[in-house]
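In the two assemblies presented below, subunit A is common to both, partnered first by subunit B and then by subunit C.
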Partner chain A sequence: MTAAVEFLNVSRHFGSVRAVDGVDLSIAEGTFFAMLGPSGSGKTTCLRLISGFEQPTGGMIRIFGQDCSDVPPNRRNVNTVFQDYALFPHMNVRDNVAYGLMVKGVDKRTRHDRAEELLALVKLEGYGDRKPAALSGGQRQRVALARALINEPRVLLLDEPLGALDLKLREAMQDELKALQQRLGITFVFVTHDQGEALSMADQVAVFSEGRIAQIGTPSEIYEKPRTRFVADFVGSSNVLSAEMAASFGAPARPVSLRPESVRIVDEGARIRGQVVALRYLGAGTRVVVAAPGGEISVFLPKGSPVPEQGREVGLAWDDLAMHVMEQG
Partner chain B sequence: MRSDNRPPLILTVGAIAGLLFLHLPILLIFLYAFTTDERTYQFPPPGLTTQWFAVAWNRADIWPPLYLSLKVAALSTVMALILGTLCAAAMARTRFFGRDQISLLIILPIALPGIITGMSLRSAFSIMDIPFSTWTILMGHATFCIVIVFNNAVARFRRLSGSIVEASMDLGANGFQTFRHVILPNLGSALLAGGMLAFALSFDEVIVTTFTAGQQSTLPIWMLNELVRPRQRPVTNVVAIVVFVTTFVPILIAYYLTRGGSETAGGGK
Partner chain C sequence: MTLAAQPSDRTQAARSAILPERGAGDRVSALLWRHPNLLLAALLILPLGWLVVVYLGSLSALLLQSFYSIDEFSGQIRREFTLSTYAELFRPANMDIIIRTVAMSAAVTLGAVVIAFPIAYFAARYARGHWKALFYLGVMLPLWSSYLVKVYAWKLILAREGIITWATDGIGASAVLNGILALPVIGGTSLSTSYIGTWLVFLYVWLPYMILPMQASLERVPQSMLEASADLGASRWQTMRTVIFPLALPGIIAGSIFTFSLTMGDYIIPQIVGSSRRFIGQAVYQLQGTAGNIPLAAAFAVVPIVIMLIYLTIARRKGAFDAL
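And then the complex of A and B:
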């Protein structure tokens, strides 16, 4: 099966800035693909390379097997949900949604009927006559989604679409987006800096760092088997033990990632002892930072477990299996 | 916060005095269009008449300057609309080295005294052996008309979300469709306002015109010449009323257009 989107050693340099630097990736058709990374890591530039608003300075991009270097954005069967929604302020919601059909020359009746169908899909029936300015952030987001879907794209690009929404609404939209993607069966490429969002929604996650892909894999691979210190730290704020520490605990002499929730506070049989230097209440539990010889180790204590006082000396223990040996530190 | 919203008396008196100082002379000009005395501007006017409107209508020497002024104002407005909008689009859409400096250079002609603009254009025309004509007047006027349109368009571009152009392309529109359906409707009222202001400015411009006009005279220059001649003086006042109306109405419309625009144009973001 040909991949929906394929990057072959793609680079996009702006002068001396290497926004995207030698990226290889392949997105299978029908997957929910997340590009995860901090700001400036190149994920949005990758999205713009797919939509055609940026041209690669090196390498090749294929969309459904076809080299698309000479295809302008308006000829690509790819549509985008923009970060700021980019709704047309002078048009009502119906005309916004129908825009893609209007520029194709579809008659008014047909395109308005189709726009209403899509508004129903995003649960905005009856909002067609409103102006975007009269909608809430969540509603605008749905209009942007409906508008991007009207041309029946085979790939939908979403540029941090939930970034402007409050937490409650964001969680509701995450579920809805996921359900919508499964129902439509089209490929979603989703850019986000929120690791929770990427892990919970995506089938495949690419973690970006400084214009390169640090790791590609399923959410559980990314979370449980981070390949680099960057991935371990960015996704789930894992502890990274140095090679010497790892060796002293019986692991190979390589950097090791250790999830805070795998570490226990114990009185007997501690692997290492240290002093509690910080406590952070997180609602679902508490994060305890322990200064141990060789570095700080974070421990996540679920709700209900006894929380040590700050300054106290505690013992830490974990299973051998909790230590994941990384390829690089 | 004061409990009542009335301003202090001294401010009220000051404001009224200021308004009278600004606007009484204009009212006097209107008044003397109706005076029966044709040689001096004595106060109060000895009598009132509307005959000067008929006289003005029949004076053959008024029509060519009026026609020239309208033509120059219309053409320089069109020129300014095209060039000013293109400049604004370039400034709004891309960031490049020297962008702020170029932006300043575009705005400079309106800050520069008209006499400098006029002198420099005149010497440029003579160095390049360009004979004075309607086109040289037009070029002089375009220098400041472009600025007016540019300022209006740039302000509107800044309020528009930059990605709506990309959204339009993304949805399959070509460049022309994007311009027609997305850019123009959002820029429309700003361009209309800028165009009207430019028209009004060009219509009553004197200084730059005196340096670039050669033998022809526009309406304001005709008026200036007429004032030194003590013959049928109220005719000049009649023409002044015409100038006032043709410039004031567009400015008023422009004011309302841009005021309304600020509430709707950026709303989609």
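And then the complex of A and C:
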């Protein structure tokens, strides 16, 4: 099966800045693909390379097997939900949604009917006559989504679409986007800096760092088997034990990732002892930072377990299986 | 008790010392802080006074004059309400002046839109840093020199013995120039005595007033909106027509208000460059001066105001300000 989107050693340099630097990736058709990374890591540039607003300075991009070096954005069968939604303020919601059909020359009646169908899909029936300015942030987001879907793209690109929404709405939209993707069966490429969003929604996650892909895999692979210190730290703030420490705990002499929720506070049978230096209440539990010889170790205590006082000495224990040996430090 | 009270008195004193000494200036600033409307009133009293007394006052005096009439025999102004002065505007000779002025204003505005759009578009979307500074300088520079000097300079450029005739002769294109001058109505004996010449000079003098608001409105169109349009399949031309132009329209209308009303009110350019056929401005100038017919001059002066109001009403009805 041909991949929906394929990057072959793609680079995008702006002068001396290597925004994207030798990226190889393949996005299978019908997947929900997340590009995760901090700002400036190259994820948005990768998205703009797919939509055609940026051109690679090296390498090749294929969309459904077709090289699209010479294909301008308006001739690519991909559509984008923009971060600021980019709704046209002088058009009402219906005309915004129907825009993609209007520029194709589809007659008014047909395109308005189709726009209403899409507004129903995003649960905005009856909003067609309003101007974008009269909508809330969440509603604008849905209009942007409906507008991007009207040309029936085979790949939908979403550039941090939930970034401007408040937490409650964001969570609701995450569920809806996921359900929508499964219903439509088209490929979603989703850019985000929120690791929770990427892990909960995506089938595949690519973690970006400094213009390169640090790791690519399913959410559980990324979370449980981080390949590098960067991935371990960026996704879920893992503890990274040095090679020497790892060796002293019976693991191979390589850097090791240890998730805070895998560490227990024990009185007996401790692998290591240290002093509690910080406590952070997180609602669902408490994060305890313990200063141990060789570095600080974070422990996540679920709600209900006894929380030690700050400054007390505690013992820490974990199972051998909790230690994931990484390829690089 | 007294011993215990002493330290607490001292802390009281120390606490109140945190607040600064209150002088007259502090009291004024406190008053303004507690009554923000007072500050607003102080700020507005001068410009508002100017607007009401000087500006609206003279405008209503003008309106009032236009409802008087002149006694044909004595030349005295009859201070009685009448519409006869307005009726005079509909005489064929006066209607010619009005139509000529409105047509010229419309032609100048159209020309300005066509020439200003690419310049404004470049400045808004591509020019950065030094290029932007150069753009502002280039657009503003002509405004810094005397209006009369510029108009006379144009008269020399456009004259029969001027540089344009010389240049067209030089490249053997004098037939083209003569052909243009032979056109009915807009032609003439030379460019400097034709409507084409008047139009060119108007266009030159008012162009900055079209470019600047247009550039400001184009600059406010976010890049992502142009990308969204292309993303949805629109060609560059479709994006221009359906997104950029409607969003820039308030700026274009603002510019056209300048070019249109400035052309309608001007009486110097058509006097220096052009045929001897009169425009509204010249009619007003002559009526209030040599002819001493203030009521008719006032009635003429009301014409541009009425035309602008009609123009703006139509623009609003057509949705020109929807993007605001």
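Here, the second predicted complex is superposed on the first by the 329 of 329 C-alpha atoms of A that agree within 3 Å, B and C clash if a C-alpha of one lies under 4 Å from a C-alpha of the other, contacts with A are read in each partner's own complex, and residues count from 1 in each chain.
As a working rule, a residue touches a chain if its C-beta (ideal position, glycine included) is under 8 Å from a C-beta of that chain, and two chains touch if they have at least 3 such contacts.
Please read all numbers here as calculations on a predicted model, not as lab measurements.
Asker: Based on the superposed arrangement around subunit A, label subunit B with subunit C as either clash or fit.
Answerer: Aligned on subunit A, subunit B and subunit C clash with each other.
Asker: With the two complexes superposed on chain A, say which partner A:133 touches: subunit B (first), subunit C (second), both, or neither.
Answerer: Touch status of A:133: first partner only.
Asker: Identify the partner contact of A:168: answer first if only subunit B is touched, second if only subunit C is, both if each is, neither if none is.
Answerer: Neither partner.
Asker: Have a look at where A:183 lands relative to subunit B and subunit C in the superposition and call it first, second, both or neither.
Answerer: A:183 contacts neither subunit B nor subunit C.
Asker: Looking at A:109 after the superposition, I want to know if it touches subunit B, subunit C, both of them or none. Which is it: first, second, both, neither?
Answerer: neither
Asker: First (subunit B), second (subunit C), both or neither: which does A:53 touch?
Answerer: Both: A:53 reaches subunit B and subunit C.
Asker: What part of subunit A is shared between its subunit B contacts and its subunit C contacts?
Answerer: 51, 53, 72-75, 78-80, 82-84, 86-90, 99-100, 102-104, 147-148, 150-151.
Asker: Note which residues of subunit B are touching subunit A in the complex, please.
Answerer: Checking each residue of subunit B against subunit A gives 160-161, 163-164, 166-174, 177, 181-182, 185-186, 264-269.
Asker: Can you tell me which positions in subunit A touch subunit B when the two form their complex?
Answerer: Its residues touching subunit B are 51, 53, 72-75, 78-80, 82-90, 99-100, 102-104, 131-133, 147-148, 150-151.
Asker: Which subunit C residues qualify as touching subunit A in the complex?
Answerer: 222, 224-225, 227-235, 238, 242-243, 246-247, 319, 322-323
Asker: In the complex, go through subunit A and note every residue touching subunit C.
Answerer: 51, 53, 72-75, 78-80, 82-84, 86-90, 99-100, 102-104, 147-148, 150-151
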